[in-house]
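Here is the structure we will look at, set down as structure tokens.
Order as written gives the chain letters A, B, C and D; numbering starts at 1 within each chain.
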Amino acid sequence: MTRLTYQQALVAAIRGEMARDPRVFHMGQDVGATSDGVMNSCKGLAAEFGAGRVIDLPISEAGTVAAGIGAAVAGMRPIVQIMFGEFLSLVMAPLACDAGTIWYRSGGKRSVPMVVRTLFGTGPHRGHPEDFHGWLCSVPGLKVAMPATPRDAKGLMAAAIRDENPVVFFEHMGLYHSVREEVPEEELITPFGVADVKRAGKDITLVAVGLMVQVALRAAAALAKEGIDVEVLDMRTPVPLDKAALVGSVSKTGRLLTLSETWRIGDSMAEAVAVVAEELGGARKIPISRVACAHVPRPFAHNLDKLALPNEAKVIAAAKALLSR
Amino acid sequence: MTRLTYQQALVAAIRGEMARDPRVFHMGQDVGATSDGVMNSCKGLAAEFGAGRVIDLPISEAGTVAAGIGAAVAGMRPIVQIMFGEFLSLVMAPLACDAGTIWYRSGGKRSVPMVVRTLFGTGPHRGHPEDFHGWLCSVPGLKVAMPATPRDAKGLMAAAIRDENPVVFFEHMGLYHSVREEVPEEELITPFGVADVKRAGKDITLVAVGLMVQVALRAAAALAKEGIDVEVLDMRTPVPLDKAALVGSVSKTGRLLTLSETWRIGDSMAEAVAVVAEELGGARKIPISRVACAHVPRPFAHNLDKLALPNEAKVIAAAKALLSR
Amino acid sequence: MHRLLLMARRLEESFATLHSYHPAVGEEAVVVGAFFGLTAGDYIAPHYRGALAAAYLRGADLRRLIAGVYGKSTAYNQGRFRGDICMPIELNVIGLFSGILGSSVGLAVGAALAMKLRGAPNVVVSTFGEGTSNLGMVHESLNLAASLTLPVVLICQNNQYAMSMSAKASLKCASVADRALGYGIPGVRVEGNDVIAVHAAVQEAVARARSGGGPTLIEALTYRVSGHRSGEQVAYQDPAERRDWQAKDPLRRLQESLCASGLLDGAGIAAVDTAVRSELSAAVQLAQQDPEPAPEVLGLDDVFAPENHQGVVP
Amino acid sequence: MHRLLLMARRLEESFATLHSYHPAVGEEAVVVGAFFGLTAGDYIAPHYRGALAAAYLRGADLRRLIAGVYGKSTAYNQGRFRGDICMPIELNVIGLFSGILGSSVGLAVGAALAMKLRGAPNVVVSTFGEGTSNLGMVHESLNLAASLTLPVVLICQNNQYAMSMSAKASLKCASVADRALGYGIPGVRVEGNDVIAVHAAVQEAVARARSGGGPTLIEALTYRVSGHRSGEQVAYQDPAERRDWQAKDPLRRLQESLCASGLLDGAGIAAVDTAVRSELSAAVQLAQQDPEPAPEVLGLDDVFAPENHQGVVP
């Protein structure tokens, strides 16, 4: 075990997989030796594996994703970096309409073992916080990961690279260099589709991914002091979504609070609400509430940004409101 | 009044608005006089208004939408045709990140009065059924219309063209030439954000848009014969969503069934479920169920396509299951 | 090559009667010239118009290809997607996996990157329409191919129309090959109705690509004799222009040249034609009789590939 | 023009100390040369690097521009979006409304379409980086502008780097202007550190555009003397190359030429510099003291424009 940051854990997973499998390579803008990736997202990879396997590319997001798909179909296992999640808006055609369909539409003849990794969330540089992850969740054929901790960053990244299917991997800029955790040095594979109960509780199920898991945990700790026992669930991979864990938890607590860093409509938390409503809404009363980013284009001024984003206080207020319903 | 098809009603609205406001113009692929638009979607417009206001463009979807935005910002009111909804995947960057943000991010200095119209749904030619409308609903700043009838096609299109904001307007290929309805010859403006109660009922609220409204009505008629009284709600504009009508109806019936032609995750019906769950789930038991397209890439073979899509029988079965919960 | 060209013609002609097909009648020399003479490990990414002939040329079974157009269970993809545009990837033929033009060019460049990374002696040959060339994806892909010196040959099958839009309106350059300059790669114009010329130009580019010389952009100028879709009236084409191009028919041109050089005669042509027609009609008949896909082909549990699946490239 | 160039320099220098700014030090001649001398109804769509100087040149208030960089309430957009890249559209300056490069070029072409449709005698001038030129959006926009003969001048501000990536790797063409051939429009190369030359080339293109002659693609070659972001170490730039380009400083070049022709002398330069510095520092000071936006600016009810709003173009 060593204490690693989220960024170090991600790079460790990529290093491990590149060393293990010569078909794995990495491409994107500014990923090579001169820069080592935005926010050190590719630290040391080019030095270790050379420019042949860590490839700097021109600014051509859609072409890059299409090239990743083509390389995957032809026997490679590309890791494609799309610098920021906001730029996923440029690659939806190849991602949703090609990567997501090739296994199915080729009749199971070729798959697309590709990881698209991308930075998102409010981070030290500000700018580019959007993720649009709900778009990816909505179409069949893409897997989506949003780790909340260094340990999961490593384990999910390794699992993503070994997956035979396209995975969009979201790396939170606000977590990148801020948290440290014990992470095993040896191989670590965290299976997709398994939620992590971060805190057991009996009064409310509080669901989140990414940085919001930390907000959830802080809010839960504060609520505990007031005698409110919150169960915090980190979904880890919005696709596949661990419906069993979700429904199981809400069956127990009877209340659902979801926490989104992005807008409330059409994101993975909206789907969590819909799943719970479908599965449990007929059997009992279920107070449900969503805390999410204000429904405005992400604002810039520091104070507006803070106003727009969910925080501990908003979660605490929403939890109390749920209980008083 | 004249009996118009959905296609005729759309063109009538566009004609009316182009005649009324010289700032309105139409551009897209194959929209000009040589072709009159795919499926006659621009029938007669070029002949009436000339190639200067009905402009044929090269195949460049993203550039076309960006050009529409630029023209709107500079004082025009463009109608941009993106031939098929599937191609919205090519234009998400300008649409979601520019068109949707300009009013807000310019501090209210310029708006984007642009209509992006697009054909979708299983139609006579097969192919290109995807709509991805949930993506558009998820971001702030875009309005979304999906009319189900010729009358609404006319009224909503006119309203869309007069709107000061970007509107994505979905035209169903399966409705295009198939239904006829009395439509007023004079100006008709159907306000956005107002659901239409297509059939009043007290047992179940059945919600849909576009072609699915017809499926819903047929299913409701069949269920009525078995004594099950279904209220059918046509949301008409997924953004803004008429939450009051939705919540009001489910408050009355106590049960919600949604019907999606697209995949169930992240579409406007998923949001309808989430809204109802949030608003009403704490007050009473609400059996909720979603009928949607099979969660696979849209298949081609005729029988597979039929298997994948929702139909009357599936709606009837789901309604009965809801009642027996 | 003559047999392939004839097959392409008869194939496209016969499908021209099929609802919603996009025939390549008159453009067969580009298809055959582009994809003839590649090695087994090479990939192709044909333009949708003419893709069936391209896949056939690369060894696909005619009946299964045709079954794909009808959406039958015997199709390479079991009817899951449009067989007119989606080709058997297991034969290294990259078709379309959606209705979106341009992606296949991007995938072709990616496959070329795989060839380079694997140190394989293979190349990728891709064709696309002149209308498609205006898509951002094609620009980005050309530039990526150039900047990474990838073994790929990119060929614009310029049939002068994109649906009803004349290339005169959509393209203000003299030739799509003029775009090569902007990527610092060779740009070549070739007469698209001369199968020998197309083939020679492509093979020169293939040799360059195979030896590490990077991509080439070729424009093969031809003409869309068919409607955009089967049965479409092409009132927007200038009749004189149309007549001129019909006179330059690529099949007749090859036949005349073969006859002139004594390699073939009228009887020989007729014999090949008969053989081709009977192969084709047998395949069509079988495909028509093939069953529709079983309900399980809907594949609710087959959206994701399982671990260790069989589709892995050797 | 000298004053503007000096202001651009001091502006970019002063912001080079600001966290996360992208300074245009050394590239000011492209900015000033491109946007100087337009008429009131013209639109500009400047590249993000140098956009503040461009907006200032078009009449924007310095304090409000700078307040935008800090996200203050006095910003043109009240702090709602990044003032380093988002410009006052009410002054016909099209900046970025998201973090996505390339869109502004597309919007510029659209504004030019509006000029043409309105029969206005106006043009649009847009700049973009050489890295940005590889985006599909730029290709599609150039081709649209060409095929519709729009009054727009598209200028590549080629500073030879895109973040750490050298243009030698991202572009295999000799000049981005070479891409003009592929759109059938004039392509012009100009020395980007010579403000007079840039201005002359742009004005020639502007005149052509204004008289219905359609778009021009210009490459103005310059050098990114700043880091990509303020404070970044540019270890990846070759020191000799860097020195060479620093020696070609556009401000000094203009000053020397003005002095040589007797239009200016050392004292004159110093006077302008002093005036500029004090104008700038006053603006910075005011902007820094300006309050942050009020909570209502979050605008939960202001995502959509109301009917008959005030932003309608006259």
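The criterion applied here is as follows: contacts are C-beta pairs under 8 Å (C-beta built on N, C-alpha and C of every residue); 3 or more make two chains touch, one makes a residue touch a chain.
Remember, it's a predicted structure, so these values are computed and weren't measured experimentally.
Fewest steps needed to get from subunit B to subunit D, stepping only to touching chains, is 1. Subunit A and subunit D have Cα centroids lying 36 Å from one another. Centre to centre, using the average C-alpha position, subunit C and subunit D are separated by 43 Å. Centre-to-centre spacing of subunit A and subunit C amounts to 39 Å, using the average Cα coordinate of each chain. Residue numbers of subunit C whose C-beta contacts span two or more other chains: 78, 80-81, 98-100, 134-137, 139-140, 143, 147, 169-171, 299, 302-303.
For subunit A, the set of residues that touch two or more other chains comprises 57-58, 60-63, 86-87, 89-90, 93, 97, 101, 104-105, 140-141, 295-297.
Chain-to-chain contact here is organised exhaustively, every possible pair of chains being in touch.
Here subunit A touches subunit D in the complex through residues 29-30, 32, 34-35, 56-63, 84, 86-87, 89-90, 125-128, 294-297, 299-304, 307-308, going by the rule given at the top. Looking at the complex, you find that subunit D touches subunit C at residues 134-140, 143, 146-147, 169-174, 176, 178-179, 181-185. Partner subunit B is touched in their complex by these residues of subunit D: 43, 75-78, 80-81, 86, 88-90, 92, 94, 97-100, 103, 105-115, 117-118, 136-137, 139-141, 143-144, 147-148, 299, 302-307, 309-314. Listed in rising order, the residues of subunit A touching subunit C in the complex are 25, 52-53, 55, 57-58, 60-76, 78, 93-94, 97-98, 101-111, 113, 140-141, 143, 164-165.
Listing the residues of subunit A that touch subunit B in their complex gives 86-87, 89-90, 92-93, 96-97, 100-101, 104-105, 130, 132, 134-135, 137-141, 263-267, 270-271, 273-274, 276-278, 281-290, 295-297, 322, 325.
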